[in-house]
Structures are given as structure tokens and as C-alpha cells.
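Just so it is clear, A, B, C and D label the chains in written order, and each chain counts residues from 1 on its own.
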Amino acid sequence: MNPVYYLYLAALLFTIGAAGVLVRKNAIIVFMCVELMLNACNLAFVTFSRLHGNLDGQIIAFFTMVVAAAEVVVGLAIIVTFFRSRHSASVDDADLMKL
Amino acid sequence: MSATAVVHSLLTSAAATPAADRIPTPHIEYAQLSPVLIVLGTATVGVLAEAFLPRRSRYWAQLGITVVGLAAAFAAIIALAADGYATTRAHIAAMGAVAVDGPALFLQGTIVLIALVAAFTFAERRLDPVAHGNRVDSFAAQGSAVPGSPQEMKAVRAGFTTTEVFPLLLFAVGGMMIFPAANDLLTLFVSLEVFSLPLYLLCALARRRRLMSQEAAVKYFLLGAFSSAFLLFGIALLYGYAGTVAYTGTATAPGIAQVIDGSANLTPALANSTGNDALLLIGGAMVIMGLLFKVGAVPFHQWTPDVYQGAPTPVTGFMAAATKVAAFGALLRLLYVVLPGMRWDWRPVMWGVAIVTMVIGAIVAVTQTDVKRLLAYSSIAHAGFLLAGVIAVSPSGVSSVLFYLVAYSFVTLGGFAVVTLVRDAGGEATHLSKWAGLGRRSPLVAAVFAVFLLSFAGIPLTAGFAGKFAVFQAAAQAGAVPLVVIGVIASAIAAFFYIRVIVMMFFSEPQPDGPTVAIPSPLTSSAIAIGVVVTLVLGVAPQYFLDLAGKAGVFVR
Amino acid sequence: MDHLIGALVGAPLLGAAVLLLGGRRLDRIGHWVGTLLAAVSFALGVALFADMLSKDTGRRTFTSHLFTWVPVDSFRADVGFQLDQLSMTFVLLITGVGTLIHIYSIGYMAHDERRRRFFGYLNLFLAAMLLLVLANNYLLLYVGWEGVGLASYLLIGFWQHKPSAATAAKKAFIVNRVGDVGLSIAIMLLFTTFNSFSFSPVFGAVRDASGGRLTAIGLLLLLAACGKSAQVPLQSWLGDAMEGPTPVSALIHAATMVTAGVYLVTRSGAIFNASATAQLAVCVVGAVTLIFGAIVGCAKDDIKKALAGSTMSQIGYMMLAAGLGPVGYVFAIMHLVTHGFFKAGLFLGAGSVMHGMNDEVDMRKFGGLRGYMPVTFITFGLGYLAIIGFPGLSGFWTKDKIIEAAFAKGGGEGWVLGVVALIGAGVTAFYMTRVMLMTFFGEKRWQPDAQGHQPHPHESPKSMTVPMIILAFGSVFAGGLFSLNSSFLHWLEPVTGYSEGHSPLTAWQVSVATFVVLVVGAGLAWQQYGRKPVPAVAPRGSVLTRAARRDLLQDDFNHVVLVRGGEHLTRTLVHLDHSLVDGAVNGTAAGVGGVSARLRKVQNGFVRSYAVSMLGGAAVLVAATLLMRGI
Amino acid sequence: MSGFTFPLLTVTAAVPAIGAIATAAVPAARRTAAKWLALAFSVATLALAAVVTGRFSPGGARYQLTESHAWIRDFGVRYELGVDGIAVVLILLTAVLVPFVMLAGWHDADPLEGPVPNRRWRPTNGFFALILAVEAMVVISFEATDVFLFYIFFEAMLVPMYFLIGGFGDRAGATGDDAEEQDARQRTYAAVKFLLYNLVGGLIMLAAVIGLYAVTARQLGTGTFSLPEILRARADGRLHFSTSSERWIFLGFFFAFAVKAPLWPLHTWLPNAMTEATAPVAVLITAVVDKVGTFAMLRYCLQLFPEASKWATPVIAVLAVIGILYGALLAVGQRDIKRLIAYASISHFGFIILGIFAMTSQAQSGATLYMVNHGISTAALLLVAGFLITRRGSRRIADFGGVQKVAPVLAGTFLIGGLATLSLPGLAPFVSEFLVLVGTFTRYPVLGILATVGIVLAALYVLVLYQRTMTGPVKAGIEGMKDLKVRELLVVAPLIALLLFLGVYPKPLTDVINPAVKDTLSDVHRTDPAPQINAVAKETAK
């Protein structure tokens, strides 16, 4: 099976993630969509690694996961405090500052 | 030598497997990485201090640790530069992961100094009125406590302060120091996250107006993550194109640069993927976009005003200054080291970005009513001017940008430091109308702020003018005259709103319920003083620093 | 010799400086100082005159160079004097009459608390006028030219608290400025043509210059002359100038300053001789003005304005003569001098009358004064006879010569000009007789003034009468003296040149004709003002009369066309400057503001829309990069 | 340059600068001390300027008393000073005027007594310090022979001017209880307008400056801004501007100077600025600061870009003539004393610019002389007007009338100032104006004639102003008006004396100016048009 398909899949996932960020209101879900985009990147890395026959891609994937984990830690903390002080996680409520 | 090698070696060295003979032991030049290591080490110490020191003594301990650590890091940088690592002995350390060269050291030095000054403003606790017998700084008593909730009250009464900001600051600084030095895309990405995550947190920690602060954090975080996803995908594509994430390398172990200009001898597996320029172009574009986001260039700028406004002002100052320095450093390295081969592809695009950034930044700022937002938009406009310098792909381009960054960052720090002084019952009085007649109330503060504004506006004899002249000159020599003309027009528009503020302060009647100007401790005073000194020195006698930037203006390949 | 000339100009200048800077402490002796210095410069003039007479005719021109004024490359303006018979004549006239009028003013201005300043101004005028006639180049002449203008401005407006006076002064200055434009452009043209504007080099090189330029210069000089000498079309200011104190009218607006135009034309004879067109223009202006002035003079009830009209017309004669070229220059100047005597005398007489009638000027409120102020009556009468050219008196000798010369121009032009001049003489006789009758004869029509003081006519003090007497002598005998074996002609000829004209009429024919016209004019006047009583309020009169009362509507024309038009223009411009020029800039600013306000809306605070723009931006970035490569 | 030569020019510029700092350092309470200190420094500057004039030998080297030190190598900027005849006279003018400006403004920065005492914030020491700062910057921009050095101070002087205009105005014009606010608003508007106009001009010039650097850098290897250096390089062919680039750069420079000068239609900032500022500051604007613009046209536009200057001359000359007539006509239509004078100045600047670009020796010497004379005459007129306005507390012409009855000396000085403004022969401005006109006429007869018409309008607006304010019956509010005080006489008398002296004997100045003008003309490769006949030669031959 031609590994290039995985690239298309990666691109698809990335697009879905991006779209999710744009359409979803709930901060948590938006954030999850971002994670989805990151995973799309991972898939791409791995695929390319396979194509090129070197390990770099796979290793980078690990790093990405670590980073993503770190992001989750920070991100959730922020989103939760935000939620607690407003009793809503909708990003559209966050418009105190504009113009 | 590619990043993976480092990675292998790190792993293996971490868990010393018998396989060690097959994988070469990594060779890390600790001495040359010492600045970064010191900062990150200090940060860790700070964390430990948080863990083990009694609350009362933390503040001073943290402040001391931070200052000492940063000072040490700066000393290390000077030492390295003195050893000629900035020029003759510049090379790529940590097995291709990190460059130790002029721009890297110059920018790291700048960032460390910025951090030092920022640390002072972080530590300022004379401005807020004494709460229940405790001096407090501009950070939340307890970040986790819900605003206005009883437990926040308790925290305040107990005189809690979020001293964690200092370690966070240091971590961010560490990341920022690696960012412009990163010599492969992975390091770039990791360091980006390393300095971004602490910043997200810092944004959320304002003592006053916490809702806005948290909102800023959310926005910054989501958009930041979003953009870093793009960056990462771009990296993936570049990796797919070149089969490596290293910027540079040798013909045998090529970096992206070599692959692009075809000086690399490629494995057949690679040959067909390199044929596909789409990967390269799209990937390059997405990586650049990731960086432009951090720079705050149009159309990736919209987070800037909101975040700048919501974040605690000291943090804003630090972000505005340091993030720009780091991001532009990285951008320069990427464009000058990795992508010069495809200059003809990205230059026109950057032209466009530079123009819209300058013009929109200036124009939108005209109708701002909040000082912090105003400065945010002005920072956008300045990003545009800097891009003009970046576009001139020439040594003078690099040095001019480096110089501009120094000039801009300290003026910015000073500016935001002044903003922290002007306060009323609700904390800082950032609405412009409140600043009316400030010149009558406290001429000194108004005068200082006027100096900063004039520097932003690029009036001669201020650092701002020298910087602007440097970048425009570089651009003009690179044949980007139209860009210069547009830049000039943009700065004319920009001048308008800087002047508006000056008018406000000096020529309009003070409001009866106007804000008071708090008397700062030596900490903030020194921050402001440094700003003024830099403004005037770089404005009147910039030659020394221009030389410095000029010497430091060469990337190692 | 230099020093003498220097002192000649310097004395009154010093006087002016002392009196104007001296301050109140000089109030008591100020008038004496002024008079003394005027007398000094007269004495100097006489001395120089004597010295000049001692030399033989050829070597009488004396030039002196004081210092270089403005040297820029080939442009060299000097402060230097040229004293020849022509300027000598003027020096004597100016200082002589000037001194007399200083003396007169002592009495006339006795009750004015600003008398010191008045004398300061008078001295200033003398200095400027002397500079004008003594300058050896046009630029320095221009200085004097404007200097007398300034003095006249200050003196016309001397009673500044009267709005009418201030307005008149301003009008005089501005109308003169119009003439000055002519003079300055003429100087520029001289410079570009001759590379110099000093008399001797220019006149020396005239024959090499192109005719067109000479004509242009001539016409420009004429424009200047019109302004200063109140010739049509720039005559409108002279009538109003009578707002000034009477001595001023006598000295500046009758005897000396207004004749500067004639001096200019005569002085520039060389240029005019070279351009028939310019000369004709001068003649026409002169002819028109002499009729114009005369008609105006007939209609005015204000004694001074009547005299002003007469001045205009007499200067018209001089201009006419000067326009005739070498045939007429001498007579122009001759008439100028005699006119200086009798017109000054007439004005002083008028002043004396006003003095006695508490400053009443309306002749309809005079009448029968001959008994009350005999000296004034006699001197005024003699002046009257002189001006109408009664045989034997000054006017007779000079005016007839001009009329004769006018005919001598020959051809149709000659006839036209001659006849005009002739008619002018008649009209002169008419209006002067009218003045005479209305003032000194008939029954008393005196009326109390605004304060209700009944006038008690009385003879003026010695300080006023003596000058009048002296001038009367001048107006009786000067003409004869000059004509005595044409001494004046020989005196002036070396400078102006002289050529015998060929008149179609013989001298005695002209004289007879003139006398006839004169008698007719006087008779008509007697018919109207001598036989029947003069109505105290002016009858409506014919269209012509009414027009003449309004200076033949020339003023109204100016008002409508220039003043109104000008006001409208400026108002429009002020508006445009604000709305258009300024508006453009403010508009741009507003535009930027508008754009800014609109762009702000994009920053709507919603994370997701920010994300959209980021995505869009990324897409554009990618697309652009791809396009650059053409993929 | 062997051994140490005393840096006279630097000191001349530095003394007022130090004075500014010193004055600013005087505690705000010690008002009088600050005044005297500032005055002392300005007088010292005058002395130094006199020394400079004395040390300058006309017809000697083109730039004298030169100093040259490296400054910002990377920008090719050197700290280069040197004066030619034109610069010398203008420095002298500046140094002469400033002390009078200070004396005239002696009480302008005192706390306002009035409806709301001390509402407005007017630090005395600040006022005088700013004046000295302006003087310093003006002087050094006259001295600079390095384009960049010039540019820096050309721009920087906006800042102190801005605060002078916006910070200190005389209460005049507005009526009603919120007069204070109205005035403040107007003043602010004027200050901002002034700053923005000139800043935009300056920034566009900045682009041109950078362009100049790019050209020199490309052709000479290292970019330079040194005027002598550039002239030398162009002379021996190492440097050559392409037509288009020369024109563009020229326009960039000229625009900035035309805003400063100001040339029609870029003039509208001047009336506002001059009206709202106090009379002394207004003098500082027109008589001193604006001269930098015309001076720069003469030195930089013509010398750096001769071809482009010639190319642009017709347009500029026409604009200048428009300015002459336009300014005069608008002056006639004004209802505000200072505004009227401002428009008169616009008309005069038209003459100066016309003279510069007519490019004949008479016109340019005239223009230079005009800068000096206009400085003095406007100063005289404006300062007296200022005394008048402060006495009455209003600028509206309609509020005056019959002043000469109650304050004859004031009226007299005002009249003399006015007569100088309408350039009456015998007073200084006449000489320069006539030179400009003659010089223009020799090359552009039509423009010369049109410009000459301006003298009628000049007479009109001056005399109308005088008549409305000084003559006629005494208006209400004028009765008690005091005549000039000693201090005020001390200000006006010397200026009038100067006007008279220079009107009768301008030779000392022309001797200094002429050689410099000759050099400039030779830079532009222009010679005066020949006359039809050289009568002088003929006569001397005879």
C-alpha cells in the first residue's frame, strides 16, 4: 500500500482539526482540535520517515507528543480557571477585550 | 549530522544500553551552551525554592535567584563573545542542534538583559496599595482562586503572592534564548513551546482585572497552539521534502539548505521527494507563518492587542520586548540560513506582509483609546518596519534588525513600566482619557513617557530614529525603495497617534478624578531609567552598538 | 561741495529726526527748530545757486558720489547726487516755498498740541523731496519718491482721529503705490536694457537701445508720474488729500510733491525723446487731466477741493508741455515754478480764510469777506489773476507758452492739443472767478459751525500773512522775470534741450485767443455767481455738474470695480484657503481616522474569527509562495 | 588641520544648548532667576556669533571654521560643521533676535491671573529653556555641512517648537466663560498641525536622505552625507546622479523645505501656529525656524541637485509668485492681527523662494538678504503687535481703534514695523525685495512683474491694519491703554535702528553674502542673463 495515502490522511486530519478550531465554541473542544492537528503532523512525520527510510521523523513524533502533553497541562489549567470564573467554557464569551 | 543523531545519543546516554557502541556518544559543548543551561538551571532552582522555602522568604529568594542567574548567564555570554564565538570561532554546537554565533549570542544577550529589567518590574511591590499589611506586586495572590471568591479573599488577606512567576520567567527566557539559536526545525519547535507555555501562564496571573487577564491567556493559548500546529505541519512538510530537519549540514549529511541549493548528494529515496517543490514551498510558508505569528505581523497579529491589554503589564512589557527579539532572531536565521536558496519565492510575499503590517498597524492605532492597546498596535507597526529590514537579504539587513531590536525592546520595557505607574482605584488607569493633563500632575513621568513616544515615532536623536534609519537604509540599498517610502508614510501616520498621547498629557486639562502617579521603588525606577538611557545613547551615539551588531551580523552555516 | 549738497538734504532730515525722536520736551521750540532747518537748507540752496551761476553754462552739472548702496555683481546702486540747472530749480522752489510754509504753519498750527510732530513731518518731506530731485540714479530717486509719499501719507492723515483723514491718507498712499509699481518695473527694465539705472550712463546709451523697450520704459515712467502728480487715471486721491492741514495742501499737494511727475518726465527727457509713442501718451494724459481737473474744479463748493481740481488741471498743462519734448520741457518747468508760487499762495489764502471762519470750507457759507481780511483778499486776488493768466502776471507768461507749444506740435495732434489747452484756459478762468466771487464778494452767507460759534472773520497773524505776501510777489513777477530775454530758457536749456516749435499760430495770435477765452470764462462766472445771489445750498445742477461734484464718477468706478471686487476676491480666497487648501489636509486626516475606525471592527474580540484570519493569512501566504514559483 | 583648533562653531551651538539645560534645571519657583539666566546665555551666544562673523573672511574658502569628526560610521554620518556667507548672516540673525524674543516674552510664561488663576501650566523656566533649545538647534543646522547632521536637527527642532506653541499662548480672541478652554483647544490644534505638517515633510525628506545614501554608497563604495565630499565627488566625476533619481531625491528634500518655508499651498499650518503662539514664539517661528527651510533650499536643493533644481524651477517659481499674491490677498481679508501678519509672512516667503529659484546673483543675494530683513522687520511688527494684544487682551482687529491717541509711541513703532513690512525704501526690506524683483525680472520678466504687483497689496494690508487699529476715534477698551514700557522700548528700538541702518547701508551684509551666492550659482551652472547694452562699460570707455 502506497504510504503517500497516509500523507493525504494527515492533511485531511489537519484540515479537520483546523476546521474544528474555527467552528467549535467550547474551549476544550477547540483545544482538542488543536491536538488533532498536532497528531496529523505526527502522522505526516512518521510517513515521511518511512518514505525517506530514516528515523528522524519517528523521533520527532515522540517530541511532539511530549510537547502536546505539556500543552495539555498548561492549556487545561488556563481553560479551567477561565471556566471556573465564568461558568462557561465558550470562547465566544471571551470578548471583554476587542476593537 | 542531523538532530536525530543527537536524539539517539541523548536517549542512549540517558539509559546506557550496550548498544552504545553502535550509536556514537553525543558530544555536547556545555561551555558554549552555558548561558542557556545557566538560565534553565536557575529556573529549576527557582522551582525547588518554591517547593521548600517558607512563603515569607520566597519573594526575596526568588528575586535574588533570578537576578543572580540572569547576571551569570549574561556574564557567560560576554565570555563566549570575548572568546570569539561571535565571530571567528562561531560554529554549531550540540551536534548540529544549536548554533553559537554572532546573532545568537547578540540576541541571547539582549534577551537576558530584557529579562533582567523585566524581573525588576515583576518584583515591583510599591505600586499597589498595601493590602492587609502586605506589600503586593502586580500578580494574583493565588492564580487558581476564582476572582472575587472567598478563597481569593483569604489568599489576599494571608498576603500570598505568586512568586512562581520568577521561575516561569526564567523558563521562558531559556526557551527564547534557544529559539534564535536553534539550528534545526525540531529544536526550533521545542524551544518555541518552551517559551510560549510559561508566557501563557504568566498572562493569566494579573492581580487586578483578573477576568481580562484570564481571557487574554485563553486567547493567547488557543491561538498560539493553533499557530504552532501550523508551524509543526510546515516542519513535517519540509522534513518530507528534504529528509532532514537540520538547517545546514555537509554534502554527505546535508541540511535543508544544502538540499534546496542542490549541493547535497541525495539518496535515491530522497531524490523524488525533493523533486516536489510544493512540499518545500508550502512547508516553508507554514513555518514562516508560525514565526510571523510570534512576531505579530498582519494578518497573524490579532492576538497582540487583546493579550497585551489583558496580561499583567510587566508581563506585557516582557512579552512585547523579548518575544519579538527571539522571534525575529529565529526568522532571520530561517530566512538567511535555510531559505536563501528560495529567496525569490518568499521575498515578494514578505514584501506584502511587511507593507500591510506597517500600514495596518499604524492606521488602526490611530483610533485606540487604551494605552496598552495603543502600544500593542505600535508594536505591530514596528514589526512591519523590522520586516523591511529583514527583507533586505544583506549583512547590513541583519545588523540593522539586530540594532533595531535592541533599541525597540528597551524603549518598550520602559514604556510599559511607565504605564504601571499611572493608577487609580481600579489599578492601572490605562484609558487614554485618564492620562489627560498628566504633564501637569507629574511632569517628570510625562516627560519620560514623551521621550519613549518620540522614540517610537522615530524623532531624531532618539534610539527609535537610529533604528528606523538603519533598517530603511538597508532596505533601500537592497533596492526596496518603495518599501521605504511606504514605511515612511506609515511612520508619518504612526507619529500622529504618538503625538496625540503627548497632547493628552501636556495640553489638555487634567480631569478632577484623574489618576495618581505612584512613586515606584528603585526596581521600576531603574527599569525606566535604563529605557531612557538606552533611548538617548542609541539615539545620539549609536556607532558602538552598530559596530557590535555589524560584527555580530554573520550567521554560521 | 559734496558736503553742501549733503547738508542741503541733511538739514531737514536732521530736523525730522530731532523732532520725531525728541519727545514732548521739544514741544515748545519744535516749530522753531523745524523752520530754522528748512531755512538753513534754503540758504544752502541759494549758496549753491550762486556758485552755479559763477560757472559757465557748459560746466554747471555737478555730480557727487557719497557711498555705494547696494552692490550685487553688475547691479550697482549708489547714493550719489546730480546737481544741475533742473534740480537746482527744484531745490530753490522746494526749500523756498517750503520755508515760507513752515513759517506760515507756525501760526496756522499754533493751537494744535501735536505741532512739533507736524513740523517733523514737514522736514521729513523736505528731505525726501530734495533727495528725489538730487538723486543721480533712478533707484535713489525712487527712495525720495516713496519718501515724499510717506510724508504726504503722514500729513494728510495728520488729524488721525478723523476717520475721513485716515482714509484719505491710506488712499493717497495706495494709489501712489500703483504708480510706484510702474517706476520699479521701469527701473528693472532699465537695468536689463542698460545694465544700469544711473542717469548719465543710461541717457548716454539711449540711442543704442531698442525702441520697443524705450517705449515700455517711457510708459511705465508715465504711470509713475500719473500716480504722483494725480493725473488721470490715478488722480482720485488728490481731492481727498485736502483732508490734510492747509499748509500741507499748499506745499505738498500744490507746489512741490505733485509736480514730481513732471520732474520725472523732464528728467527722463532723453528716453521720451526717443519714443514718440510715449510722448504722445504723456500729452494725452496731460490734456485729458487738464480738462478733467478743470471741470471738477468748477463744481466743487469746498474751496480746497476746488483748488485741488485746479492743481490737477495745471499739472495737466505741465504734463502736456513735457510730452511735447524739447519744445515744451522748459515751459513745463517754468509753469511748474510759477504755479508753485501762485497755487501755494492761493492755498495759503484759502487757509487764512478758513482760519478766520473757524475752519469752514464750504464757499457757499463765505461771501463778502474782502472787507474783513484785506491782505488775504489782495494776495489771493493776485494769485487769482496769475493763475487765470491775466496779461503781465506769471501765469500769462507760462501758460500761453504751453498753449503755443501745443499748437506747435503740428498736424492734427497739434490742433487738438492746442484747442484743448485753450479751452482749459477758459474753464480755469471760470472756476477761479467762481471761487473768487463766492469767497470774497456778494453778501455774507456765514453760518455758525457745529458748536454754534458764529464766525468772526479777521485777518490772520503776521506769520501767516507775510508768506502770503511774498508768494504774491512771486506770482506777479516771476513769469515776467523768467521771460525777460528768455533767461529761464537759457538757464534750463543745457539740461533739457530746447527746440523752437513751428506753431501755425503766431505768439500774439495765441495770446489774443487766450485772453478772449479768459474773458469769456470769467464773464460766465460773473454771470452766474456775481449777478445773482449764491444759494446757500447747492442747486441740483445739470448731470455734468452732479458728475463733476463726484469727481466725474471716477471714484465710484474705483469703488465698484476695485474695492468691491477686491473685497469679494479676498473673502472668497479666505474661504477657499480654509475649505480647500486646509480642507484637503484635514480631509486626509479624517480619512485615515475613518479607515482606522472601520479596520478596528475587524478586531471583534472573538478568538475564532482571529483564527479564521490566521488561517486565511496562511492560505494566502501559501498560495502566494506557490504563485511566485508558478506552480 | 594640525594641532587643536578651537571648535568655535560647536561652542556657538553648544552654549545655548547648555543654557537650555541650565535654565530647565532652575527650580520652577525661581522664575526671575531662570529668565535672567536664559537671557545671559542668549547674549553669550550673540557674542559668539559676532566672533564667528568676525573670524569669517568673505571671499576666502567656501566653508570656513570647519570642524569634522567621525560620528556614525555605519550611516556614513560625520559631525561636520562649516559656514559660508549665507550661514554666517543667518546665524547672526538668529543670535540677534533671540535675546529680543526673550525680553519681549519676559512675562509670557508668568502664571496667568484671570478667571481661573494657574489653571494653565506654564513653567517659566521651561519656556525660556525651550527657546534656548530652539536657538541651539537652529544654529547647528545652519552650521552643519553634513546632510544627515542637518536633517537630525531640522527634525529635532520641531519638538521644542511644538511645546512652545502648544504650551504657551496668549489669552486672546475667544470670548465667554469658557474662553480658557477655547483658547487651549485652538492652541493644541495649532501645535499638532504644526508638528504633523513638518513631521510629514521631514519623513518624506528622510526617504530622500536614505535615497541619497543609497546612491552615494553604490557609487563611492562607502555612503557619505558630507556636502563638501559629495560636491567634490561630483566635480571629479566619481559621483553621478541618474536624472530620475536626482529628481526624486530633490523632490523629497524640497518638499520638507517647502513645508517649513512655507510655500503655497503647504502654508496653512503657519497662520494657526503664529496666531495661537505668543508673539515672541511667533517671531521664533517665522523669523528664525522657517528660515532654516529657505536656507536649506539654497544650500541643499541647489548645491546637491543642480539639474533637478533647474528642472523644477518653473513650477516652483510660479508657486512662489502665487504665494506672494495669495498671501497678500488673504492678509487683506483677515480679521485677526496676528493672522494678518502670518499671511503677510507667507507672501514674503514667496519672495524669498522666488529669489532663490530665479537663480540670478541679484535674486539670490536678495533672497538671502531678505531672510535677514524679513526676520528683523517681522520681529519688530509682531512684537509690537504682541504688546498691543497683551494690553487689550484680544487679537481681533475690530477691538482696536484710535490707539495712536492714547499710546503714540506704540503706534509709531507699529507703523514703522508696518512700513518695513510693505518694504518702504530707506528701510531694510526694500533693498532685498527690490533685488529679488530685479533678479527675477532679468530671467522671468512676467513673474517679476506679477510679483511687483504684490507691493501694492502689501501697502493695502499694512495700511488697512494701521488705520483700523491705530487711527480714528478711541474705541472702548482702549482708553486706559499704556504706552510702551522701557523693557518694550528696549526690544523695539534696536530692531528699528537695525532696519534703518540696513536700509541705508546693507553693504556689510552683501559683501559677506555675494561670494557665497556666486559659488552656489556656479554649482548650478547658471550665469546672469546679459543686458541689452552695457552702458556702464560704454561710459567708462568714454
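Annotations
Convention: a residue touches a chain if its C-beta (ideal position, glycine included) is under 8 Å from a C-beta of that chain, and two chains touch if they have at least 3 such contacts.
In UniProt terms, the chains line up like this: A = NADH-quinone oxidoreductase subunit K; B = NADH-quinone oxidoreductase subunit N; C = NADH-quinone oxidoreductase subunit L; D = NADH-quinone oxidoreductase subunit M.
Keep in mind that what you see is a predicted model, and the values were worked out from it rather than measured.
Any chain that touches subunit A and also touches subunit B is listed here: C. Chain pair with the most C-beta contact pairs: C-D.
Subunit D has its Cα centroid 46 Å from the Cα centroid of subunit B. Between subunit A and subunit C the centroid-to-centroid distance comes to 97 Å (mean Cα coordinates, whole Å). If each chain is reduced to the centroid of its CA atoms, subunit B and subunit C end up 81 Å from each other. Averaging Cα coordinates per chain places subunit C and subunit D 37 Å apart.
For subunit D, residues touching at least two other chains, in rising order: 196.
Shared interface positions of subunit B, defined as residues touching 2 or more other chains, are 218-219, 222, 226, 230, 305-306, 496. For subunit C, the set of residues that touch two or more other chains comprises 589, 600, 603, 605, 607, 611. The residues of subunit A lying in touch with subunit C in their complex are 18, 21-23, 25, 30, 91-92, 94-99. Interface residues of subunit B, counted against subunit D in their complex, comprise 396, 399, 437, 439-440, 443, 454, 457-461, 465-466, 469-470, 472-473, 476-477, 481, 484-485, 488-489, 491-492, 495-496, 499-500, 503, 506-509, 541-543, 546-547, 550. Taken in their complex, subunit B has these residues touching subunit C: 218-219, 222-223, 226-227, 230, 277-278, 281-282, 284-286, 288-289, 293, 298-300, 302-303, 305-306, 344-346, 348-349, 352-353, 360, 363-367, 493, 496.
Those residues of subunit B lying in contact with subunit A across their complex are 2-4, 7-8, 143-144, 146-147, 186, 189-190, 193, 197, 200-201, 204, 210-212, 214-219, 221-222, 225-226, 229-230, 232-233, 235-237, 239-240, 243-245, 267, 269-270, 273, 305-306, 309-310, 373.
Chain contact summary for the complex, subunit A toward subunit B: residues 7, 10, 14, 17-18, 21, 27, 30-31, 34, 37-38, 40-41, 44-45, 47-48, 51-57, 59-60, 63-64, 67, 70-71, 74-75, 77-79, 81-82, 84-86, 91, 94-98.
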